[in-house]
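What follows is chain A paired twice: with chain B in the first complex and chain C in the second.
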Partner chain A sequence: MSAMLSVERLTRRYGPGCDRCLASTGPAHGTNSCPHCGTVVACADVSFDVEDGEVLGIVGESGSGKSTVAACLAFDQPPTSGQAFLEGFDGDMLSADAAARRRLRNTRIGIVYQTPQQGLALDVTTGGNVGERLLAADWRHVGRIRARASDLLERTEIPIARIDEEPRAFSGGMRQRVQLAKALASRPSLLILDEPTTGLDVSVQARILDLIQGIQREAGVAMVVISHDLGVIRLLTERTLVMKLGRVVEEGLTDQVLEDPQDAYTQLLVNSAL
Partner chain B sequence: MNVRTLLDTPVPEPGPAYNYAFLDEGTKREIRRAVLKAVAIPGHQVPFGSREMPLGRGWGTGGLQLSLSLLGEGECFKAIDQGADDSVNAVNMRRLVAAMTDAEPVTDTRAATLVQSRHRIPEERLRPDQTLVLQVPAPEPLSWIEPRYAQTQRMHAERDYSPMWLYLYESIARHGEIAVGANYPVIVDGHYLMSPTPIPRWDVPKLDRAPFLTLLGAGREKRIYAVPPHTSVVPLEFEDYRFQVERFAQPCARCGATDAYLDEVLDPRSGETVCFTCSDTAHCELRRTEAQR
Partner chain C sequence: MPHLDVRALSKTFTMHLLGGTTLTAFADVSFTVPRGRFLAIVGRSGSGKSSLLRCLYRRYLPSTGAIRYATAGGTVDLLSAPDREVLRLRRSEIGYVSQFLQAIPRVPSRDIVAAPLLRAGAEPAQARAAADEMLERLGMSAALRGTFPATMSGGERQRVNVARALCAAPRLLLLDEPTSALDPETRRLALAAILALKRDGATAVGIFHDREAVEALADDVLVLEDGAVSWHGPVADYATTALEA
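So, the complex of A and B:
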């Protein structure tokens, strides 16, 4: 089985940067900001593979760099260094030209953000939000766009009668489901879920997690799930990376990582879970 | 030098008050350069240093600067405003051009070598030896959806026009049709999205693979762009929501034309429609004189 996504030594710094940044930050130093130049090393040397149909979790506390990894893979942030290879795309996708990146982003990669404002235009109709990815993929038939949007809204349990309403009028849980429908519109090969259920109440969380599981089973899409919530990671993922201060500190099968954590930080994380 | 000698010094003979065609030679050269670049990159907006003109910005200063930098001896100049040769703005522009250049002012479209127009393309089919100059209020079609200039530049460069398509989709979702009356967005030469100026949809097909050169000038926004002859101009449309031109229930009340763009004439008191008449007054006039013969 070939990897759907292969990430190699992904690094993202914020600041001027110096030769000693990487050697002076990370869990061993207890900080992610370089004492010499003040640069914040959001993530460094992050490497992993995601197989076709696999669900990979990235867990870690706030500020551990997990969302930066997501932002780099969704082209929202340019990485400082590192490469990523997506199956079927020739070469490193992170250094592709802007038009190629946009095409990948619109057709092959879907992302669900923690806040719907990031992923949705709240003043554009729900159908338009979902259809935007289809329009970007050169769909030029309104009827077919609406049919596909309706299918996805039905799948994500949004009443189809509300297809021409703005997500502004929707609850937080509904907006999150619209984001999911939008991310799935162009049948992506890779779905990135960046804290998809954070900030939602428990019953709504459960429905969205159910939905994600169902979609994963049906579509077999490769997923990267980013969360600080071990419950979400346990439920959705097969393999997990644990991040701390921008570095991967532990990696393994999710059950193994959560039942028998090796790294001190992971032990703390598991023991802190309510 | 005392006052006496100053007063005794003969006053030099005044030269001509203005340069030929009002603009100085450097400006004309700059505008012609911008035109050459615009013709070389169809639909691309070329910046130029728009000058103060003897009419208000937004009243056709871009079109006028184009016309003045192009008109020479033996040219015939026609100015129209919403299809009419006799509106105040068109008359004043024609007078200015007549006073400042050797070009002959005309109203017959067939006689003109250069037609400057606001918001219409003449009904008479223009020939390869004629040039159309359109006055542009807002050159950037993406300004409907993206106010940031740097972003629109990027979108043009990458041909990232899906937000424009989304705008049209939204129009259909909310109104059941593409609710764009004038200034219908078009793709020029398979690349740039272009604002054809607020011409009615009726006039948009006249630009597609037209035998004549169209120059578009935005004085206030300082942009010049062009559609060279035989260049494709394709309105954005969906497979199931096609671009459509306006349709009129009645013929022109004056010349009986059924194949021309008509203006609705309203009763100013009741607000009811009295009749429809040709928007292109010269064409209407021509049809009537031909009918009388």
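So, the complex of A and C:
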């Protein structure tokens, strides 16, 4: 099977940058800030691929660069260098022109952010939030948009009676479910979940994880799950990358990474779990 | 050609949090298992049995050696095979029963058992019927089959664990004390279900503490002592050896 998404040497720096940035940062140097020019190397040389039906986990502590990877793949931030290929799209999607990127983002890529206000317009109705994605994906028939939005909200367990309410009035867990409905609206080939359950009560977390597993069982989507919660990673993924200070320090089968971690940082991470 | 050919396999853990201290679980272990034969691994706690079994499943990354596994499409070294190849084999032909059930919470036991079949492409109704049948063979009541393992006793959970692995009819079965949490009656049911799989041609490597299970299932026995093979031979000879010892 060919990869749905293939990421090659993705690198993102914040700052002026110099030719010593990459050689002076990372786990071996204990910093992601270049001592020569002060540039922060958020992620460097990150490569992986995800097949249709596969769920890849990315774990690491805050500041490890995992959300930067997500942001680059959702076109929220331009990478400094590196490429990404999405099945069916000709060439490197990260260097595509703005119109092509917008089109991909609207039709093929869905993302759920840790903070709902990043993914939702909190003062627009729930139906409007989901419908906006459908409009962007060239849906034109108002009745069909509303029907599809209702389907999605039903699937993500948002009471249909509340379709005209603003997510502002919703709890954290409900907002995450609206984000999921919105991310799924255009039937994306790539679904990125960036800390989808962080900060939620366990029972709320459980419903969202069940929902994500339901999506996973339906074919046609490759998922990248970013989390610092090893329980979430164990539950949802079969392969995992471990990131520290912007670099991938370990990758492998999820059960192997969690039960027989090779890297010092992964051992610390696994042994820190309650 | 043997189904499984393990050569000079070693596993050493490097514990970075303890200043890089190393701990060797087992070293230089070699054995072969012909297709359709059962190998029992016996030995005291801490002799490296579970680590060895986990290495065969690639849950642990072996340090050195080779694990040559014969598939329909040729021989694969499970030590160096790409992650996706290992996942594919786990889905299609290698089953593993851990000492304790690890399963998705909030899923009824019937669906946990059916999951591997569904992933292999079975019809949902058929998969659930097969799961029901296997759980029934292991003596689980119809009422319990619809409940979550979290509400079950240890022995009931272990039945779900065994049923899940057997239901998918793996060609290689890795068993880590599958029957130790079961009462005598259920143990007999589980051994019978494992034997049925053997009659269908499955190969197995299993860790067992009780002699009854070793004698009922195994063709050969391998004894591990402090991470090294101290004895390896047919089960009939093992019985004599053990009596002499």
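Criterion: the second predicted complex is superposed on the first by the 272 of 274 C-alpha atoms of A that agree within 3 Å, B and C clash if a C-alpha of one lies under 4 Å from a C-alpha of the other, contacts with A are read in each partner's own complex, and residues count from 1 in each chain.
Assume a contact is a pair of C-beta atoms (placed from the backbone, for glycine too) under 8 Å apart; a residue touches a chain by one contact, two chains touch by 3 or more.
Given the structure is predicted, the values throughout are model-derived calculations rather than measurements.
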Checklist entry - Counting only touches as set out at the top, which of chain B and chain C does A:169 meet: first, second, both, neither? => result neither
Checklist entry - With the two structures laid over each other on chain A, which partner does A:131 touch: chain B (first), chain C (second), both, or neither? => result first
Item to check | Touching partner for A:206 - first (chain B), second (chain C), both, neither | outcome: second
Checklist entry - What is the contact status of A:255 with respect to chain B (first) and chain C (second): first, second, both, or neither? => result second
Next on the checklist: Tell me the contact category for A:267 with respect to chain B and chain C: first, second, both or neither.
Outcome noted: second
Next on the checklist: On the A-aligned overlay, A:238 touches which partner chain: chain B = first, chain C = second, or both, or neither?
Outcome noted: second
Checklist entry - Which of the residues in chain B come into contact with chain A in the complex? => result 154, 158-160, 162, 165-166, 169-170, 172-174, 237-241
Item to check | Contact footprint of chain A on chain C as seen in their complex | outcome: 13-17, 54, 58-61, 83-84, 86-87, 104-106, 118
Item to check | Residues of chain A touching chain B in the complex | outcome: 98-99, 102, 106, 124-125, 127-128, 131-132, 135-136, 140-143, 145, 163-164
Item to check | Residue ranges of chain A in contact with chain C within the complex | outcome: 51, 206, 210, 213, 217, 235, 238-239, 252-253, 255-256, 259-260, 262-264, 267-268, 271
